[in-house]
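Once you scroll down, you'll see the structures, which are given as structure tokens.
Heads up, the next two complexes both have chain A, just with different partners, chain B and then chain C.
Let's look at the complex of A and B:
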């Protein structure tokens, strides 16, 4: 190379210079775009007389939340309303994850069973759940509960103490009071059942819809994990004289879990994200609280920012946890 | 090695009786149903539940089902199929002017024809891509009107199945170029595009689609200069496009990783520029590899379009719900949702079966 010869041409052809120039252009364009959008937003908000900031969080929310795990009344602040919504989201997610895993495991076993009836039911269940939108399923279950079930006076009573009505589900629940422990059964009052544990139609529709939908995906992940274990492992287990259930528990599942856990973690994160759809049946989760808050205060930027932060923390936290677990598994394997 | 016996958890002491040979493929049905006690119990349990449920379902759907008649015939009866018979234009086409109904019908036909045309592998050519672009533009003109003597129909009057199909086609079609850029960016050795791509992909995938729809429908109008309004349909489309782009980018990344590095090196050795190498050597191989998972992504996109309900667009689901608001009928929600779910099922099941077949038959298929 001759440094004196055609200096400009040399610069243009230098890969490092070109890369630096390209990256500078990309970075400047990205920053300019963000700045332009922010600038427009601030202008528009000023025009509408909306002050940017999180001051509104300290004000009284003044909207009802129909049900919550944490105590709430409409004189509480917006900040607390968000926490209550998040509590509902996390509570519902945890419950759905547990139930969907159990149902998913049963689905996986049914689909791998030698019984053609069980296989057929399993396949039909998985295909129906996976090929129709979750929103449609949630609305379907909501219609089933509120319109398909009878009034409290002629409630369905499939198990003793369990009542299915169009006002919700009532199941016996233990009450602990004054060092005594007793099952409390729902009893029919003038208009409705009281006592025991009452699940609202919204909660019921959300729970049934999300558990069924998620169970199909969870079931396929578990089935994939079981199928990934070599057939010889089953045969070896049987050859040792182990009963089928012990082969599954002691030989297959420990090996299958290594295949199952990474996709299962993302599925669990998906379940948390999917609970936001409970909004369509009116279950007051964090998305519902955010939407109501934005409606009432006009603090759209702040509300959406809070919602984004919550879900990014959950998603990224979940991925980090999974990566850490994967590294640990990799170390113990070899 | 003397303490081995203490570790053993299970040792069978006596030999088992020889087992009968396992039921083979040609075993009689009753043998596969009742091969063991557990199996027989499962058969009886499932059979019992089916025997209890099927007559009830039949009584609701068929025996007491109303196939003809009006709203009064449906009161205190079983399934109100007559409602679907009366309202299916509303469910499938929304509030689109009924005199112009041939247009959405033609739109569905065009999209169906294009899809069927694309199925055989021999049709995966540039011409097909051109056909899709031309077809999509034609479909948009057909829906909107305003030229060629077609009555203009504002997007607020579009509805039903055409919206669902259009949102799917457009969000995949518009998302794909972005996805290619994001996937290439993520694979790049340059830190700026790399971290920008990782950030965009991970943030989008970390958020529920609902929140992205909120951003598009509430924040996007605020982010644009004053006086600049953006159509509701376009806002929902923007959200779905961003979402599809991030998911497709991750699928493409798998394909890019599957192209041997020697391919790129050989291209550079032949004197191709980075751009030529990417366009002519890397991307064609990467995309071919991931066509089966890409097809499965389309199923996710189809299902996701149903979420536009929350921003007030009239897709298939919302149109169905709108049809239910008629005081002359006893609001047969279940039947309507069954019809909507069945429509989605036909589309999604068809696509996922096709993806499965591609996975099985494609040479050097999706085995990552």
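Let's look at the complex of A and C:
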């Protein structure tokens, strides 16, 4: 036997060496592809006279943002506009996650109820919401809010100081000025109400649309989790003389959560990503601000890159948090 | 509009990837003129439906001032105005589509600005001078911008309008409330649904909306947002000077023909004119075609097939159209407007 032949033959047959070789080839090919794309992009952009870089972030944005959680005016920078858009996305996402979870939980309980009416309503809600496209639902709610409500001059006034118009819902809101609290009431100007707290049709349509749509999915996840707990657990709880609500809270839910958390993580991340659709009803989320920035500056690659990084960070952050919670809730096997 | 958001995102991502993939070597070898000739037609960016500027009619033929601007280039290059194809683009997509080579020319109510000009595109000659305006219902009693304090205004994103909106609101201390959409249709629908007191965009586009989307145009009034005039100009990509020249002079031919009194109906007669300017313009005296890399009859082909600027203006946006926009700044310079014909020697 030729020892050299044996050595190479041995390497080929060695699974570890073989897989290491394959992985190296794939990794090199991937890096080469990315390098080639990046190289071409930079070349093409340079050839077309498009400047590459993030310098534009420091310039004044000059465009308006219709509403925001953080203070914004058109003299602020593109970077701040980006942060303001992110603030809107996070605020809307958090609110939707909380509300959709509550509504989803109620839906799940309704679908498991012994009352046929509650069961029917729960099933109808879930089927309607998850079988129609989200964009259609958003547009539906927006049309309802803008076409269904009166002009500010004929505003509905259900409670003193509360006005409901096609421009939004206006309610009195405390304003802190000179260390004193004062209730500020909405007042009607030539065109609109001003003062107090305003809930715009855009925000309302986005919130209602996304909460209802997401609640249907959340409800099914929770129902699946509850159903996954063996029937004997209920019976055991009842045999101990515990009331239904206590059985659900103390025995069923802790076990159901183990089934619920992993799909719920995906669902929450979906909610965050779905907020980008709010653009069709004019709510300025981060995708909206990015698109405007790209149009004003022509920095398409940079804008898309920033948007992708932001969503990646949000989604991975959410995943890590939920995974940690999942580990904490997991059954400890001794 | 329903699927447009998703489609646009896909489209947009596609554009970015196209930018990544097109090899610059392949592009540098062949000029736009050669590429267009090989392909057999000119590709132009068009609006998503602005009556008077770019919109398909009942038979699916594109009509409008911007469309005719593109057809003029087709007539110059091929001697056939119909060798032009149109790609509808949103305000957001248009610049990227031109930069990445999806379209050869962008005649799409695009305002000439420094930031755009410096970022990979060249503006040719303005084909329409416009101003930003508000449209409101007459029964609000408002007739000027400074009376608009506290009003809600529907704004379309992806345009210079939103910057002008913010500037006007600050400058006149109007505390205007923007309602911003990324689609033209959504913006207009929101205005007509009563979500906003006013709609802000180019005055010409407002005239177009008023003429085509209201049952009683007289119920609406249009007034300027500020005193700036915007030059809407067809644009081309950086890096091909010959193509830049061809597009520039194809439009110049339209206003020069008006200056010289050459129309679609008298162009054949004019070939026998004694005026050396006319003879040089129509290519009877040769030289201009060769200089641009075109047929000597390029300018006469444009006028024969499309008419001069006055004829194009009239049938698309002027008195021959539902829009009935006054010539105003779009008159020739000799008539008191801003359209200045450059010498054809």
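In this text, the second predicted complex is superposed on the first by the 239 of 334 C-alpha atoms of A that agree within 3 Å, B and C clash if a C-alpha of one lies under 4 Å from a C-alpha of the other, contacts with A are read in each partner's own complex, and residues count from 1 in each chain.
The rule is short, and it goes like this: a residue touches a chain if its C-beta (ideal position, glycine included) is under 8 Å from a C-beta of that chain, and two chains touch if they have at least 3 such contacts.
In this text the structure is predicted, and so the values were computed from the model without any measurement.
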item: Chain B versus chain C as contact partner of A:116, first or second or both or neither; value: first
item: Partner chain in contact with A:242 - chain B first, chain C second, else both or neither; value: first
item: First (chain B), second (chain C), both or neither touched by A:147; value: both
item: First, second, both or neither for A:194, with chain B first and chain C second; value: second
item: Partner chain(s) touched by A:254 [first = chain B, second = chain C, both, neither]; value: neither
item: Contacts of A:273 with chain B and chain C, given as first, second, both or neither; value: first
item: Contacts of A:58 with chain B and chain C, given as first, second, both or neither; value: neither
item: Which superposed partner A:136 touches (first chain B, second chain C, both, neither); value: both
item: Doubly contacted chain A residues - partners chain C and chain B; value: 37, 40-41, 43-45, 47, 133, 135-136, 139, 143, 147, 277, 279-280, 291, 294, 300-301, 304
item: Residues of chain B that touch chain A when the two form their complex; value: 9-10, 12, 16, 23, 29, 32-33, 35, 39, 42-43, 46-47, 190-193, 196, 202-203, 205-211, 214-215, 218-219, 221-226, 299, 302-307, 309-310, 317, 321, 331, 333-334, 337-338, 340-341, 344-345, 348-349, 352
item: Partner chain C, residues of chain A touching it in the complex; value: 37, 40-41, 43-45, 47-51, 62-66, 73-75, 133, 135-136, 139, 143, 146-147, 151, 166-167, 189-192, 194, 200-202, 277, 279-280, 282, 284, 288, 291-292, 294-298, 300-301, 304
item: In the complex with chain A, residue positions of chain C that touch it; value: 1-3, 5-6, 12-13, 15-16, 19-24, 27-28, 91-92, 95-96, 99, 115-116, 118-120, 140, 148-152, 155, 157-159, 162-163, 165-167, 169-170, 175, 177-183, 186, 190, 193-195, 197, 237-239
item: Complex contacts: residues of chain A adjacent to chain B; value: 19, 22-24, 26-27, 30, 37-38, 40-41, 43-45, 47, 113-118, 121, 127-128, 130-137, 139-140, 143-144, 147-148, 240-242, 246, 250, 273-274, 276-277, 279-280, 287, 290-291, 294, 300-301, 304, 307-308, 311-312, 314-316
